[in-house]
Each structure stands twice: as structure tokens, then as C-alpha cells.
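Listed after this line are the structures, all set down as C-alpha cells.
Shared chain: subunit A. Partners: subunit B in the first complex, subunit C in the second.
For the complex of A and B:
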């Protein structure tokens, strides 16, 4: 396999959650059901009394209008719909992939937020404890709180954040938004 | 990181989900069929032959499920490189490669720690590096420096193997 393809595959695996735990849980439930049915079938074959219901009783109950039947059906439908959702939802992790020729790179969103915060606050001249940043799938939010009497240039900070994101070229693509708090704070 | 096929995981969950929905709809039939003008099929009481078939199906489901459960999550390996030779073979542990890179980055001001492991994927052994960076680190700089260490490792091992770099935030 060619290296680029391999790296793309690795990056995808690292930015999406595996469903193998879910598949194991589902199969464990299915197995428990199969073991139970198997036991009832063997008891019926041996002519012994059933644990709960014999296969013959189950078949008769299906044809009846027992009140619990539609509820059991509803339960099965809801369970099935949940599984279909689990199978289809992409399950992204809070990570972004970075393009690189030599390796597959994935960066936690928290690390990206830290890098954005550092770039923005250095460009704006704001101390460390006056900056907050968070990164979601497509947006990086940075908020700066200026010190009283030291005006902060939102434009400079925004430009620095944009430059960082352009240099990193993360995927899925991220847009930075820098906001400067209206209320400055006194002291450091 | 595992070698198991991720699409298969999802396909299996989807299959069980669809079967559960179908079974649920079947249970609704006797109650709602008169209103919809449908006939509920009358099921015969199962004969011994049918019971044997059901039993065999149950055994098959349990065996296949157990096989599936115990084949998830394989693929981790500690051997990064195995060089075969008529006179024997040389194995390079992933920890050696990881330590070489970690040592090279030990004095880096932006890096708190470096962890390593390796796994097999598509017949290839992939070195995975987990780099914990400090909160105010220069991210592009860190990536550049790690890439440089990997280039140096390529020279030392005289091999180029796939690398996964995970960057996480420390405190």
C-alpha cells in the first residue's frame, strides 16, 4: 500500500471512534438470547418442563392477542433503531488531522486551542491568564480580556490566529474567531 | 488502535439492528393486522426436526459471536522491524525507536513527554508516537522538530517505516 493512502487511512481511524466495543456488547446480548433459546429447545426435545416458556407456548402466544405482545414488539423496534443509529453515526473524536508527507499527524483539539490562544495573545500583547480558547470541529474560538489602559488590537490577534491555521492546514477545516472582551480588567 | 475491520463492526451492528426491528414489527402483527386488513400467519407448533434446526442455529450464533469477540483489538505489536537473514534475524523493538526519538526531544522546551508504541496495519508496522506538549507550545515548531528526529531515525535504522504522530495537550 502506498504511504499516502496508508496515512490517510490512519488519520481517519484516529479521528473517528471504533465501533468494536459496541459490536462486542451487541453480540454478547445476542449470545445470551441464543443460549436461552437453545436451553428451552433442548428442554422441549427432552420433554422436560421449560424454564420460562416452551417453544410450543411461544408459538401459541404469537398468534394470540396477549397485551404484552405489542409492548415487547415496541421494545425490540426501539432497540433496533438505536443499533441502526450507532452503526450509522460517524462518532468523531475531538481531534484534527494535519497533512504531512513523512507521517500521519493527529492533534487533540485541546492542543490546537492552546496553540491558537498562544498565537493570538502574543500578537495582541495580552498576558497568559487573560486568554481562553476552545476548538470544535470547524471553529476555533479565542477570547481575549485586555488589561485596563492597554488597548488590544482584535485585528492583529485575528490575523495571527488565521496565519497559524493556514500554516497547519488541519482537516476538517478550522476557522478562527478572536473576540476581545469589552470590559478590561485591572491588575495582572 | 486495532487491526479489526471498522466497516465490519458497523455492518454487524446494523444487521442486528435491522433484525431486531423486523422481529419487533412481527410481534406487532397479531395486534394490528385486523385494523390493517391483514391476516396473521398461523404458526404450527414446531416439530422435533424444527427444534433441532433452531438449536443448531443457536449454537452457531454463540460460537460465531465468541469468535468475533475474541478477535477484536488485535494488531498491537512490540516489534517494529524484523530483518530476516540466512544467519538469523534481527528484531528492533518499538521501544528502541521510541526512546531514540524521546531522547532527542528530551530537552525540548515545548514537549512534556514522548510515548511510543507500534501496531500492524495492512501488513505494515507503524510506529506511533504520542507527544504531550506544554500549554503555550509552538505547535508547528514541535511538529517540525519531531519530523527532523524521525528523519534522523530513518538514517540510523536504514529503513523508512510509517509513523503516526499524536499531539496532545499537557498542563
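For the complex of A and C:
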């Protein structure tokens, strides 16, 4: 494996959550169940009394029309669906990868939001406490609240945010959207 | 207010209180009364400043040759407050409202 692929893979691992917890839990449950069934079978073969139910009793019970049986089935379906979801859902972390040839760089979305906020507010001339920014997978939202009497140029702020994102070129790709609130606040 | 063209780190911020004191001084000067008699309230009007002033007004003696109609005095004071606030603080004013609470009728020869 060459280094670029390795770094890409590391970046992917860092931007996505692993399923190890889910698989550990499921496998532990499965092995406990298998051990229990094994114990019951051995006890039945030796002619000893069962721990809970003997294999013969269990077979009869599953063939019966007991009231709890459909509910047990329903529980199994729900559990299975949850596992399928866990397997399919991308489980992304709030992070973006930066392109770099010599190492794998991963940045928290919060850090990206902070950088976007700073760029936008410096370009627009808005004080620090009047800027909000958030970064999701494909969108960086910046909202500015100007000071009364000092109109803010949405275009300048948007351009600064775009420039930053173009320079960073994070993946997955981010688009900035700067909004300037219509109402301002007196003083700064 | 730092702009993109001036690349100096840091920023200037003017508190609402400082701003309102400045506007109070300007309004007092325009209406020719003491600043302590002037009450100024600054609010936001769609991004620009809205100034509301409650103050007494100094009038020339009634019947004097250079007496100016009251409404005209207030209008010119409003324009003056708007322009001088913009000059001094650099902020844009959208509306100026003046409520005249009292009138002081005095000879202005001494003031002038």
C-alpha cells in the first residue's frame, strides 16, 4: 500500500466512527448464548436436571402457540433492524480531512467554524461576539449581527469565507453561506 | 470598526453608553440646552441607528425679528443631529425623533 492510500485510509478512519463497540456487544451476546445452549445440551445428555429449560422443553415451547412467542419474535426483529441500521448508517464524525501529501490531517468541525467566523467577521468588521458559525458535513453557516449604524457588506464576508474554504479544500467539500441579520444591535 | 482594507490587528468597539452620551451632547448643542436636560434613547432600525430625543427647546423671545417657527427649529435640529452623529461616530442614522418636553424662552443675545 502506498502512502497516499494509507493517509486517505487514516483520514477516513478518523472522520468515521468504528463499529467495534457494536460488534463486541453482539459477539459477546452470541457467545454467551452459545455457551448456555451447550451447557443445557450436555446436562440433558448426562440425564441431569436442566439449569432453566431442557432442549426438549425448548423445542416444544417454540412449536407451541404460547402468548409470549410473537412478542419474542417482535423483539428479535427490532434488535435485528437496529443492528442493520448500525451497519448501514455512515456514522460520520463532525470532522473534515485536509488534503496533504505528507500526512493525514483531520480538523474538527468546530475549529473550521471558528476559522470561518473569524474570516467573515474580519472582512465585515463585526465585533467578535456578534458572529455565529456552524459547520455541518457540506455547509458552513456564518451569521453576522452588525452594530447599528454600521452597515455590513454581506458580499465581503461571503467572499472571505469562500476564499478560506477554497484555500483549505477540505473533504468532504464545504460551502460557506454568510447571512447578515437585518436587525443590528446598538453599540459594539 | 476595522475594515478589510486596513490590515491592523485588533478592533475598536464603542459601547452603547458611549454612543448615547455622544448623541446626547450633540442633541444638547443643537437644541441649545444643557446635556443633563436631554434624554437620548438609541435603538436599532433595520441595521441603522434610530435616535429618539426628549429635551427642552430654547426659543428666542417671542416676537423678536429673528424668531424661527418651532417646527422649523426642530426639523433643523433633527437634520443637525443626524449629520453630526454620522460625522462624529461614523455610524449611519436612519431616524431621529424629537419630543420637546419644555420650552425655554430666553434672550439669546448673551448666549451668542
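Simple rule for what comes next: the second predicted complex is superposed on the first by the 188 of 188 C-alpha atoms of A that agree within 3 Å, B and C clash if a C-alpha of one lies under 4 Å from a C-alpha of the other, contacts with A are read in each partner's own complex, and residues count from 1 in each chain.
One rule holds in what follows: contacts are C-beta pairs under 8 Å (C-beta built on N, C-alpha and C of every residue); 3 or more make two chains touch, one makes a residue touch a chain.
As the structure is a prediction and not an experimental result, all values here were calculated from the model.
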item	value
Simultaneous placement of subunit C and subunit B on subunit A, clash or fit	fit
Touched partner set for A:147, first subunit B, second subunit C, both or neither	second
Which partner, subunit B or subunit C, touches more subunit A residues	B
Which of subunit B and subunit C A:59 touches, first, second, both or neither	first
Subunit B versus subunit C as contact partner of A:125, first or second or both or neither	second
First, second, both or neither for A:156, with subunit B first and subunit C second	second
Partner chain(s) touched by A:182 [first = subunit B, second = subunit C, both, neither]	second
Angular separation of subunit B and subunit C about subunit A, which is computed from CA centres of the superposed model and rounded to the nearest 10 °	130
Touched partner set for A:50, first subunit B, second subunit C, both or neither	neither
Partner chain in contact with A:99 - subunit B first, subunit C second, else both or neither	neither
Minimal inter-chain CA distance - subunit C and subunit B, angstrom	12
Shared subunit A surface residues [contacts with subunit B and with subunit C]	128
Complex interface listing, subunit A residues touching subunit C	122-123, 125, 127-128, 146-152, 156, 160, 182-188
Touch list for subunit B against partner subunit A, complex	1-2, 4, 6, 9-14, 16-28, 30-32, 40, 42-46, 48, 51-52, 54-55, 57-59, 61-62, 65-66, 68-69, 72-73, 121-124, 126, 133, 135-140, 143, 147, 150-151, 162-169
Subunit B-facing residues of subunit A, complex	1, 3, 6-7, 9-10, 13-14, 16, 18-24, 26-28, 30-31, 34-35, 37-38, 41-42, 44-45, 55-56, 59-60, 62-65, 69-70, 72-84, 86-88, 98, 100, 102-108, 110-115, 117-118, 128, 164, 167-168
Footprint of subunit A on subunit C - complex, ascending	1-4, 11, 13-19, 42-50, 89-93
